[in-house]
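Okay, so subunit A shows up in both of these, paired with subunit B first and subunit C after.
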Partner chain A sequence: MKILSVKKVQKIFGSGETAVTAVDDVSFEVKAREILLIMGPSGSGKTTLLSMIGGLLTPTVGSITINGTDITKVSRKQLAKIRLHEIGFVFQSFNLLQNLSGMENVQYVGELAGQASAVAKQKARELLIKLHLENRMHALPAQLSGGQQQRVSIARALMNDPRMILADEPTGNLDSRSGHEVMMLFHNIAKEENRSVIIVSHDQRIKDISDRTLWIEDGRVHTAPPEPQTLVRDPVCGMRLDPRYTPFAKMKNGREYKFCSKDCLEKFIPEK
Partner chain B sequence: MPIELQSIIKTYRMGSENFNALDGITATIKDGEFIAIMGPSGSGKSTLANIIGGLDTPSSGKIFVNKEDISRAWDRALSHYRNKKVGFVFQTFNLQPHYTALENVMLPLIFSKVRLRARKKKAVACLEAVGLGDRMKHKPGELSGGQRQRVSIARSLANNPEIIIADEPTGNLDSKRSTEIIALLKKLREEKNITLIIITHDMNIAHQADRVIYIQDGKIKKAR
Partner chain C sequence: MLSLARKNLLHEKLRFLISVGGVAFSVMLILIILALYRGWNEKLGRYVEEVDADVWVLQNGASDMFHSTSLFPEALLDQMKKVEGVARVDPLIGRRLPVEKNGVEAMMIMIGYNTATGAGGPLEIVEGSAPEEDEIIIDRAMAKKLRVKVGDGLDIIGKKFRISGISSGGNVITFQYAFMRIENAREFMQMTNLTNYALVSFAQDVDKKNVTERLEETLPEVDVLTKSTFADNNRKQIMEAFVPIIQVLVVIGFIVGMTVMSLTIYTATIEKSREYGILKAIGARNRHLYRIIFTQSGIAGTVGSVFGVGLTFAMAYIVGYIEPSFVTSIIWSDIIMVFGITLLMILFSAFIPIRRIAGIDPAIVFKT
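Up next, the complex of A and B:
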C-alpha cells in the first residue's frame, strides 16, 4: 500500500539572478512497511526535500501525496491537521521541551490532537514502556542520556499513530550504541507496525536497516550512490565512515580524525 | 523571588570515578536582580542554571527560593516551581519546527489547566510583548534567528515567570541581533520585575548585569 508519492517536485529559493534550485525534478514513492534512506552531501537538498514531505515547505512545482491527499493543494489548516495526525517527526537534536518530563513531552501531542488528558496520559505511558523508558518517564530531558531523549522523541512521534515517520539525522547526536538502538526501533516501527519510515542521514549504518537508498546530489536523485571511497574508522566507537559525508571532524597533531556523531567527537582523546 | 544557594554539590559518575560538576557553590541572588554567570566550557555553568531552575537536583546542599527549600521538594512541588515560576531560554531556541510561533508559545500552557481560548489569548499577548505580533502564524523555518529567539522568549513568558534563566541566549546570533535580544530581556525584566539569570561568554552582556558570578571547575572563582 502506497503511503507517500512525490511527483516531479522542484523547489526554487529566491528569484531572478539569485534564484537557487535546491530540489530539481524529484519523484519517488514509499509504501507501508518500507524504510527509505535519503543520503547525499551537505547542501544537496535532502533536508529541503524532507521539509516539503513534512509540509513545512511548499514545493515550487510538483505534487506530494500522503495517504491519498495532495498536501500541496490543501489549506494551511488542513495541512496542520495532516501534519498532526499522519506524520511523526524525529530530529537530530531531539527538540524536547526542557521544563516538561518525558511523559509530558509525549502527552501534549495527544492533547493537541484533541485527546482527553487522561487518554493522552495513558497512551504516552504505554508508548514509553514499549520504548523501555518505564523507569525514566518522569525524568526531565536534562536528566536523560542522549539515547533516552531520542527514545522519548520517538514516542512523541508515534503518539497520534501516524502512517509515516520522518527523521532528520536521528543518530547524529548519539554514540554508536544508542544510535544502533534507535535504528532497531525504526526497523520495528516500519516492519511490525506497518508504517513508512523516511530517514535523512549521512550515517552509513542506517543502510543496514533501510530497504532502499535515495542518493541526492545538487538537488537531483541519482539511482546509485557513487562508489564509496576508502572508509575511515571513527577512533572512539570504531564505526566505519565514508570520509566525504561525515560533518564531524577534528584536526589533532597534523592528522584529521572523522567521527560518526557529535557525541564521539566530544569523547575523543588523541593518543600521545 | 530571592534565591539562596548553600554549599551546592552535584556529582556525576564518569566510568568508575566520581566527578563534581559543582563543588560547593554558595551565593545569593536578590529579587529582580540581573546576574550573569560566566566561565569556561565544562565549568559547571549550565549545571548550576539547571539546578536553580529546577531542571536538575543537587547531590547535596540547599536552594531556597522565596525562603522555601526546593532542593528537597518532591516531584510535584518541583514541577510546580519549574512550570509556574521559571521561564527558560536556550541557545538553540528549542522550537518545534512543525508548529507556528503561536502554537510554540501555547505548548507549555497545555499543562496549566487554562482553557484553549485563554491559552491563545495569553500566547498572543506574549508574542506582542516581544514585537512579533505580525509573525504569529509563521513557522520557525520562516523566521530569522533573532525572531526565533524572540519566539522562545515569548514562550518563556507564557506562565508569568518570576525568574528567567537564559543559557547562552545569543550564542547563535550575530552582534546586532544579540544586542536586540539582551535589550528585550532587560526591558521585560524591568516591566515585570523578573529576576534575570544569563549564562554567557560575552563580556558585553556581563558588563550590563548587576553582578557577575564567575565559575571554574565547579567553584565560584570570583563574583563582581
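Up next, the complex of A and C:
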C-alpha cells in the first residue's frame, strides 16, 4: 500500500540571479512497512526534501501525496491537521518541550489532536512503557540521557498513530549503543506496526535496517552511493562515514579525524 | 488540557516573579494614587458636611472656605433667626493661620465656634476637652506633625494658647482645622460684630427648600448653601488642581506595568521560539500558540493584580501610620476598574509576542 508519493518535486530558494535550486526533479514512492533511507552530503537538499514531505515547506514545482492527499494543494489549516495526524516527526536534537516531563511531552501531542486528557495520558504511558521508559517518564528532558530523550521523541511521534514517520538524523546525537537501539525501534515501527519510515542520515549503519537508500547530491537523486571501502570510522561512536560528505572533522597530530555529529566531535580525545 | 503556559511560567520562577512584581507595583501605584485622590476628596468636604446644622450661610459671591472670603455683620444672624422654620443660628469664624512649633511649620484653619451649642466644633474630640478661654483644640494630624500634646502651649501669630484637646476628622492634608471659643476668636481675629459664616439649623418637619428660599429672600446680601453644595465647592477648588497630576500618574502607572509585562512576555516568547516552532511543526495551529501566550499573560497579570491590591492596602496602612496626612480611601469600584484595565492592557501587551509567533517558520525544527 502506497503511503507517500513524491512526483517531480523541485524547490528553488530566492529568485533571479540569486536563485538556488535545493531540490530538483525528485520522484519516489514509499509503501507501508517500508524504511527509506535518504543519504547525501551536507547541503545536498536532504533536509529540504524532508521538510517538504513533512508539509513544512511548499515545493516550487511538483506534488507530494500522503495517504491520497496532495499536501501541496491543501490549506494551511488542513496541512497542520495532516502533520498532527498523518506524520510523526523525530529530530536529531530531539526537540522536546523543556518544561514538560517526558510523559507530558507525549501526552500533549495527543491532546493537541483532540484526545481527552485521561485518554492521552494513558496512551502516553503505554507508549513510554513500550519504549522502556517506565522509570523515567516523569523526568524533565534535561534529566534524561540522549537515548532516553530520543525514545520520548519517538513516543511523541507515534502518539497520534501516524502512517508515516519522518526522522532527521535520529542517531546523530546518540552514542553507538543508543543509536543502535533507536535503529531497532524504527525497524519495529515499520515492520510490526505497518508504518512507513523515512530517515535522513549520515549514519551508514541505518542501511542495515533500511529497505532502500536514496542518494541525493546537488538536489538530485543519484544511483551511485560511495563504495564501502572508502568509508571511515567515527573514532568516538564507531559509525561508518563517507569522508567526502562528513560534516564534522578535526586535524590532530597531523591526522584528520571524521565525526558523525558535533557531539562526537566534542567528546573526542585523541590518542597520544 | 495540559497547561504549557502554566508550566512555562512556573518553571521560570525569576521571570515569573519579575512579571508579577511589575504588574503588582503598577497596580499598587495606580490604586494608591486613586486612593489618595478619594481620601483627599473625602477629607476636604468632611468637616463641612458633618457640622451640626442644615445650611451654611455665606457672604454673596463667596464659594468656599479656602480660596474666597466670606464676611458679613453679625446682626444678620438675628434676622435669620426670625425667618419662619429656622430653629437655631450659630456664628462661625474661620481663618487660615500659620503656626510653628519645634522647628516645624504648619498651616491651620482656626475655627471660632459656639461652644454652648457645639455647632461647627470639632467632629470628634479624641483626647482632652472643649476649649476654654485662650485654649484651642488641634487635629491629631497636626499634633503629630508639631510633636505637641494636650496641655502644651502653642504660639499663634504672637498669642499663646494652651492645647485643651485633640480632635479627629479635621485633617485636610495640607492643613488642619483647629478650634477655639467664638468669643476668643472675635477678640483674637478682631472680628467684633462680624462673622464669616452662619450655621443655620431648621425646625423639625419643615420643608427645607422653602426655608432656604425664605432665608435668601429675607437676606439678599448672603448665599445659603446646603452642606453638600458647600462641601463640593471646597473640594472642587483643591481637587481641580490635582486631577491633571493624578491622571498623568495613573497613565504612568499603566505604562510601567504594561512595559514590564510586555518585555517579560516578549523575552519569554523569544526564548521559547524554537519550542513554538516545534509545536507548529507537529501540527499545533497558531490559534493554539496564541492561547498559550494569552494564558501566560493572563496568569501573570491576575496574580500581579491580586498582589498589587494586597500591597496597596499594606502600603496605605503603613504609610498612613507613619505620616497621618497620607490620607487614603480604597474603594472596591476602583479596585475592580484597575483590575479590569490591567488585564486588558496585559492582554494587549501579548500582541507583540503573538506577531512574533505568527512569523516563526516551523522548518526551524530541522536546524540543530
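Convention: the second predicted complex is superposed on the first by the 263 of 272 C-alpha atoms of A that agree within 3 Å, B and C clash if a C-alpha of one lies under 4 Å from a C-alpha of the other, contacts with A are read in each partner's own complex, and residues count from 1 in each chain.
Simple rule for what comes next: contacts are C-beta pairs under 8 Å (C-beta built on N, C-alpha and C of every residue); 3 or more make two chains touch, one makes a residue touch a chain.
Just so it is clear, the model here is predicted, and its values are computed rather than measured.
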When the two structures are laid over each other on subunit A, do subunit B and subunit C clash or fit? clash
After superposing on the shared chain, does subunit C or subunit B touch more subunit A residues? C
Looking at A:187, would you say it contacts subunit B, subunit C, both, or neither? Reply first, second, both or neither. neither
Considering only touches as defined above, state whether A:250 meets subunit B (first), subunit C (second), both or neither. neither
With the two complexes superposed on chain A, say which partner A:143 touches: subunit B (first), subunit C (second), both, or neither. first
After superposition on the shared chain, which partner residues are touched by A:2: those of subunit B (first), subunit C (second), both, or neither? neither
By the touch definition at the top of the document, which applies to A:205: first (subunit B), second (subunit C), both, or neither? neither
So, does A:108 touch the first partner subunit B, the second partner subunit C, both, or neither? both
By the touch definition at the top of the document, which applies to A:81: first (subunit B), second (subunit C), both, or neither? second
Based on the superposed arrangement, let me know which partner A:130 touches: subunit B (first), subunit C (second), both, or neither? neither
Tell me which region of subunit B runs into subunit C after superposition, given the options 7-15, 43-51, 61-69 or 115-123. 115-123
Residue overlap on subunit A between the subunit B interface and the subunit C interface 51, 54, 56-57, 83, 89, 91, 93, 95, 97-100, 104, 108, 111-112
Which subunit C residues qualify as touching subunit A in the complex? 1-2, 4, 7-8, 11-12, 274-275, 278-285, 288, 361-363, 365-366, 368
With touch defined as at the start, can you tell me which subunit A residues reach subunit B in the complex? 51, 54-57, 76, 83, 87, 89, 91, 93, 95-101, 104, 108, 111-112, 138, 140, 142-143
Subunit B to subunit A touching residues, read off their complex: 50, 53, 55-56, 75, 79, 82-83, 86, 88, 90, 92, 94-98, 103, 107-108, 110-111, 137, 139, 141
Subunit A residues touching subunit C - in the complex, by the definition given at the top: 47, 50-51, 54, 56-57, 77, 80-85, 89, 91-93, 95, 97-100, 104, 107-109, 111-113, 117, 156, 168-169, 172-173, 262
